[in-house]
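Both complexes shown next keep chain A, but they swap its partner, so chain B is in the first and chain C is in the second.
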Partner chain A sequence: MSKKLVFVFKDVLNGTIKAQEFLDIVMMAAAFDLSVSLVFIGDGAYALLKNQNTEQINSKNILPIMQALSIYDINNIFVDETSLQERAILAERIIPQVTPITREKAQFEISSADHVFSF
Partner chain B sequence: MKISVQINASPYQYQASDSAWHFIQAALLSGHEVFRVFFYHDGIYNALHDARPPADEQQIVKRWSELNAKHNVDLVVCVSSAQRRGLLESSVAKKVNGYEKALADGFRIAGLGLLMEAVIDSDRLVTFGA
Partner chain C sequence: MLHILNKSASNSTALQTCLQFVQKNDAIILIENAVFAAHQCPQLTWRESFGGEVKVYVLQEDLAARGLTESDCLEFIEVIDYQGFVELVCQHKPIKSWF
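On to the complex of A and B.
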């Protein structure tokens, strides 16, 4: 049986190479036909804002990759609603590929994984 | 139980690789199998051949090499993380006129596929360093 991997993004992603290196794991997992979910929680929610311009900090914009993950059959991209509310991020300001879920559902998603990668 | 370990942080600055090493010792002592340690992100600095800390300090790199020699634990350094940070495998270094002896004994450089293999084949993957 194929294992279920859940990737939890809990910190802001810009400013380091973290995002790029960890998305590499996400895509590799999908290439191995593993079941993959992404859960954005806490400050990780900022990574989903539309219209990010990372040129000014000379770093690569990961948003195009995030928006293309369905090509790799990764369609379970979730964000914790409470984290959005706490940061006053309206649902229309985040990319449409992401589904807001309750904290309970986020917890369930994480606890149902065979392996959790947390970034 | 078959266990693999992922290390994401550099040695000396963070406790992650120290904790990982102690965890592995405890796992081996308890009769578990430690299949692979995968060094990712700044964790690749655990594999620098020329790390020379003062003699009265922890010899973190050497300790990993010994773990490989003694218990045959597979020590894998992620190729893209390593190249980004200037750690090249000797054959690659030769081609680009780089430093050919950068990698410490007992380590090998390979791709993320080996992390996935560790995930699939191990009962647990334990990650150290955020």
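On to the complex of A and C.
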């Protein structure tokens, strides 16, 4: 049985190299047929907001890659709905590829992993 | 005095420390990941810490890059663009960056 890798994002990633780094690892893991889940918690939830216009600040936008992860068979993208509520982010404001889950489910998703990567 | 903040509250204690040192008639501008502090987030009630006598601005271009709009911002925060940022810099002396 393939190993389960869970990637946890708890911080704001904008403007750092972390976003690109995690996508590289995520796609590499998926290429090796490993089971991959992404879990966004805390301020990490902000990374999922739609309509990120980075042209004015000449910065790379990772949202299109996030939305294309299903091509790599990465469909388990979760966000902790309590973290969304704490930040007053409505579910309709985030990209549709993401499934909001309860904190208990998020805890289970993370604890059921063979390996956890934290960003 | 103008205080420039560029780190989100989750990545840095800069905002907290800045608020402890900010004085009446100062201005604060939130740029880069600090713009998340302008978001209407029920958890964060930082206005009380300076009694509303400090002007707080947020940079529109950095909001847009993160999928946020003016309507997402706390009502006491004013949205400005790069030109407004330059004007603030010209109007204030000295300028302190917090990161």
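Before moving on, here are some points about what is shown:
Just so it is clear, the second predicted complex is superposed on the first by the 119 of 119 C-alpha atoms of A that agree within 3 Å, B and C clash if a C-alpha of one lies under 4 Å from a C-alpha of the other, contacts with A are read in each partner's own complex, and residues count from 1 in each chain.
Just so we're on the same page, contacts are C-beta pairs under 8 Å (C-beta built on N, C-alpha and C of every residue); 3 or more make two chains touch, one makes a residue touch a chain.
Remember, predicted model here, so these are calculated numbers, not experimental data.
With both structures placed on the common chain, the touch criterion links A:Gly15 to chain C but leaves chain B unconnected.
When the shared chain is aligned, chain B comes close enough to touch A:Ile25, but chain C does not.
Of the two partner chains placed by the overlay, only chain B lies in contact with A:Leu34; chain C stays clear of it. In the overlay built on the shared chain, the residue A:Leu5 is in contact with chain B alone; chain C does not reach it. Once the two complexes are laid over each other on the shared chain, residue contacts for A:Lys50 go to chain C alone; chain B is not touched.
Touched residues of chain A, counted separately for chain B and chain C, are more numerous for C. When the two structures are aligned on the shared chain, A:Ala88 is found in touch with chain C, with no touch to chain B. Residues 11 of chain A contact both chain B in one complex and chain C in the other.
The part of chain A that touches chain B in the complex is made up of residues 3, 5, 11, 17-18, 21, 24-25, 28-29, 31-32, 34, 115, 117-119. On the chain B side of its complex with chain A, the touching residues are 40-41, 80-81, 84, 112-113, 115-116, 119-120, 125, 127, 130. Interface residues of chain A, counted against chain C in their complex, comprise 10-12, 14-15, 42-43, 46, 49-54, 56-57, 59, 61, 63, 86-88, 93.
Partner chain A is touched in their complex by these residues of chain C: 8, 10-11, 32-33, 36, 39-43, 61-62, 64-68.
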